[in-house]
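Shared between the two complexes below is chain A, which has chain B as its partner in the first and chain C in the second.
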Partner chain A sequence: MADLQIDFAGIKSKNPFWLASGPPTNTGYQVQRAFDAGWGGAVWKTLGDPVINVTSRFSGLNYGGQRVAGFNNIELITDRPLEVNLREIRETKRNYPDHAIIASLMVEPKQEKWHEIVRRVEDAGVDGLELNFGCPHGMAERGMGSASGQVPELVEKQTYWAKEAAETPVIVKLTPNITDITATAFAAAQGGADAISMINTINSLMGVDLDSWNTIPNVAGKGTHGGYCGPAVKPIALSMVAECARESDIPIPISGIGGIENWRDAAEFMLMGASTVQVCTAAMHHGFRIVEDMIDGLNNYVDDKGLASVMDLVGQSVPKYLKWGDLDLNHKVVAHINQDYCIHCNKCHIACEDAAHQCIEFFTDADGRRALSVREEDCVGCNLCSIVCPAEGAITMIDKPSEVSMTWNERQRMISMFGG
Partner chain B sequence: MDSPDASVLWKIFDEVEPDLKPKEVMEEANRCLFCFDAPCTKACPTNIDVPLFIKKITTGNMKGSARVIMDANPMGATCARVCPTEELCEGACVLNDASLPIMIGDLQRHTTNWAMKNNPQLFEAGKPNGKKIAIIGGGPAGLSSARELARFGYQVTIYEKHEKAGGLNTYGIVPFRLPQRVALWEVEQIEQLGVSIRTNCEVGKDVSVQSIMNESDAVILAIGMANVPSLGIPGEDLDGVYDAIRLIEKVKDGKPTRQFIGKKAVVVGAGNTAIDAATCLKRLGAARVHIVYRRSEAEMTAYPFEFRFAKEDGIEFCWQTQPKRIVSDGDGHVAKLECVQMKLGDEDASGRHRPIKIENSDFIMDADVIVKAIGQNRYKSLIDAFGLVHSHGVVTVNPETFQTSNPKVFAAGDVIFGNGKGEAMVVAAAEQGKRTARAIHEQMFSKI
Partner chain C sequence: MHEHRSFLEEKRKIDELLQSNFHIVKVIENLSGAYVTMQRSDDADDDLSVTVHLLSADARRYMTNVLFAQRLKQSMTGS
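Now for the complex of A and B:
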């Protein structure tokens, strides 16, 4: 059994799986159910001056008959009184002392507001604080959430104010609705943040109802942009985590958030530099019990890799994530069709013909059957055929390593040295 | 099925195969890979663009889906029910080896059911071109050619001797596999294009061959096949001997009879019509139904799914058994069937093993009802009346153009279906009708 315990900026947790701040962490009842199910920690639904929420609030993106490939919401922070939340936090911490409870906070960008709320939630016994500079909807119109999170100076200043009062670790949760997330990540680090978490949700309009022409979701026929999350955002979140992880001037731990649904996603985020992961949509889709396979699967994976601790995964792939200019221009990959596995759907052919490099051709095999093969000399190794292929093992991408590696950056240096 | 009253009887003739549920439809449609140059489409005699109609189901474009199906196959709703899909589209599905083939027939039924319920106008008649076409026979081949010709702008008249058009779809395929309303909906689609269907009108009797020939620019002979031939054994005239086609016709027309309740029935033959007759008899209350066939299971022409269906219905099969004599009860009724056991000899012209009698292997089966289902006769006299070259009632045509020995007369469907070529398919008749229409159109307008 691998050791799944983590230490995240001083916050201990028996496994890296935390519930992200959101509907599943709205009440003590829910968080305690989650801890019973096995979650290592929970970030409480964002506290602040209570708001009034609208109905309806959520919508799902279905794809190819699968539900919730993506998810969006226009729900704001907690709509319950602060005292009630603090009482339930206290009770939950008393009942589950070994689980991490993080308070997510969002207040106006004023020093005294941050001091006040930090003191009150720490008094309730939380293990850490997460500053919500991320929600793109609703609260942003009041100068909070992503409205703060998009301005590096505001991120730095508010982090600093929170740190002035905080005794527990401060995590700054970043918005992806910004051109370069490392700018705000750097600002958080400058403000004294103990850690960062990302990503919050992405600006989105889920859809338009083709019968009523209403937005999806809608409130009495009117809609507003919401925050997008779920499996579809995972690649965006993963790249943002990786970009921050490889910056040496953002030397603080990262909590990965965005489309994490199972242990495989979690392991990828950890390899790309996250030392804890947060989950929300998957729990909303399937309930808290999904954590069982997350823990079990990650455990088996870490064991299979011969590692003692899950922390040994953290950041292993970061050095492999570079700028384009550092990739080897001489390296070749070509597609190969394995006739034993091909089911003859011809999808690779039409994809290559219409959208790539016209190098997958029909031929007649020895048994007189029509089959497909790759004209290697014209294959650019784009992967498209293997992506569209529905038959496992039918198309393999074969490496043709170059003898001499040459990146774009190296090439440009050579040219400037000898060419010009 | 001891004493079915009228309502129960009707219930048991309801379509057996349930519709897919909405979620099943979406799951199955989304499973389709949308193959390029798809083998299912190539395996369909009418070349329905299967991936395209399925893709349209997934996007909720049901009208478009129905149009793809019905454009390629004017009998698309019928074929969704009666096609041997495991030998055609589904048999060709690339997922056969990888997982399970897409349920193409069921998805086609879903789309055509939608079309029958919502009845959108899928096609329009072409601008009138002034040419007149007469079609003899309102079955799948005749209707299919009529539909295409109407879209090209021809003035089309179908002559149909029955009360309703649709041919074997309307009268010859058991209702629990193909409800009559499905066939009649397809007829309606064709009438909506301005095709005139003269029912209860037998050519050669109610209207002369000569007048049709004189009044038309071209004639399509799509008369199908006739009654079941005689067995050629003693006792065939006894009360209790039936023609399978007539038996099914009655049931199909909503006239179930009580006369078979508790009876012991023997169906002679093992094609799809034999199976239809046998399963009909079972539903009509027959106590036991045997099928006797002179060859073995391997030579049977019924589709595998028909055979499975019959076995599920409790039909008992006597292979390599040939009727020799129908024995009377002394009062003019069938009482027994004397049979002889057969063995299989060398292959005959149809490629099947020739059955040979085994000496001294005679035996007697109890039987109150004998149903003949050993193929169908040909309308030779009508073919002769048109003066067409034919071989034992199978009209000779140019396989490309469906033109007969008379350049003005074309033929399609069962009337050109050769003996010993397995089972004639609705889908093949529909395709021939389509191609005949195109050949006529090409010929008429290449001259201008």
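Now for the complex of A and C:
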């Protein structure tokens, strides 16, 4: 039985699975049910000056046979008074003292506003604070959320203000709606953040109804941009976590968020540098009990890898994530078609002809049947054929390692010595 | 189509020059590819130089590997 306990910037949790701030952490009733299901922690739905939310708030992107491949929301922060939330936080912490409760906070970028809410929320007994500099909709129009999270100076200053008043660890939640997330992550670290979390949701418009021409979702026929999340955003989130994790100038723990819906996703985020993961959309789609499989799966994985603690996973893949210019130009992979598994659908041939390097060609086998093979010397190893192939095992990519490596950066340095 | 043939042709030009005691002295890369100037090694009687225009990515990769090998050899021989 592996040790799944984590210590995240001083916040202890019996496992790395936290509910992210959002609809599933709106009330004490929900958070307590989540803790009963096995979640190690919860980030309470963002507290701030109460708002009024619209109805028709969510929309899901169904792609192929998968429901909720992506998810969009235009719901704002809590619409309940602070006192009500704090009473429920107190009660939840009293009933579940070994679970981590982190309060997500969002106020105007004013020092006194941060001081006030930090003190009042900490008085309720939270284990940590998460500054919401990420929500891209609604609150951003009022200068909060991603509007302030896109300006490194504001991130640093507001983090500093929160830290002036805070006695518990301060996590800064970053927006992905920015060109380089390491700029704001660095600003958070400079402001004194104890940790960062990413990603918040991505600017999105889910769709347009082709009959009514209304946006999806819409409020009385009118729409607005929302925040996109769910499995579709996982690669974006993973990349941003990795970019921050490899920066020595950002020497603080990372909580990974974005499309995590099973233990495999969680393990990937941890390997890329996250020491806790937060989940929202998957809990909204499947319910709190998905955490049971997550815990079992991660436990088995850590055991199988011969590790004592889940913390031993953290960051193991970060040294393998480089800038493009440091990849080996001499290394080659080529596609190989396994005739025993090929179903002769020709999708690889079409893909290669139309969108790649025209190196999959027909031949007639010994029994007189038409089949496909790869002309290896022209294969650039793009993987497209194996991606589009519907027959498991029919196309494998074979490594053809070179004896010496040569990166683009090494090459350019060498060329520059010869006048290039 | 069959870009490998272009690579083989460009590689052949470089290899022939290498076999004739040429070495790379200058590389200019621009939108049109790489222009690789090769010159006979020092002990040759003349200072004939030849410029090869490389178009294919594989040939440009190959040329740089040749360059690395040449530098390694030079550092080992002190030349």
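Simple rule for what comes next: the second predicted complex is superposed on the first by the 417 of 420 C-alpha atoms of A that agree within 3 Å, B and C clash if a C-alpha of one lies under 4 Å from a C-alpha of the other, contacts with A are read in each partner's own complex, and residues count from 1 in each chain.
To be clear about the criterion, a residue touches a chain if its C-beta (ideal position, glycine included) is under 8 Å from a C-beta of that chain, and two chains touch if they have at least 3 such contacts.
Treat the numbers as computed from the prediction; the structure is a model and nothing was measured.
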Touched partner set for A:C345, first chain B, second chain C, both or neither: first
Partner chain in contact with A:F418 - chain B first, chain C second, else both or neither: second
First, second, both or neither for A:N218, with chain B first and chain C second: neither
Touched partner set for A:Q316, first chain B, second chain C, both or neither: neither
Contacts of A:A391 with chain B and chain C, given as first, second, both or neither: first
Touched partner set for A:Q111, first chain B, second chain C, both or neither: neither
Winner by number of chain A residues touched, once chain B and chain C are compared: C
A:M406 touches, of chain B and chain C: first, second, both or neither? second
Touching partner for A:S239 - first (chain B), second (chain C), both, neither: neither
List of chain C residues in touch with chain A within their complex: 1-4, 24-29, 34, 61, 64-65, 67-68, 71
Touch list for chain A against partner chain B, complex: 64-65, 343-347, 349-350, 390-391
Contact set on chain A toward chain C in their complex: 329-330, 357-358, 375, 377-378, 404, 406, 411, 414-415, 418-420
Interfacial residue positions of chain B with respect to chain A in the complex: 26-27, 29-30, 33-39, 58, 94-95, 97-98
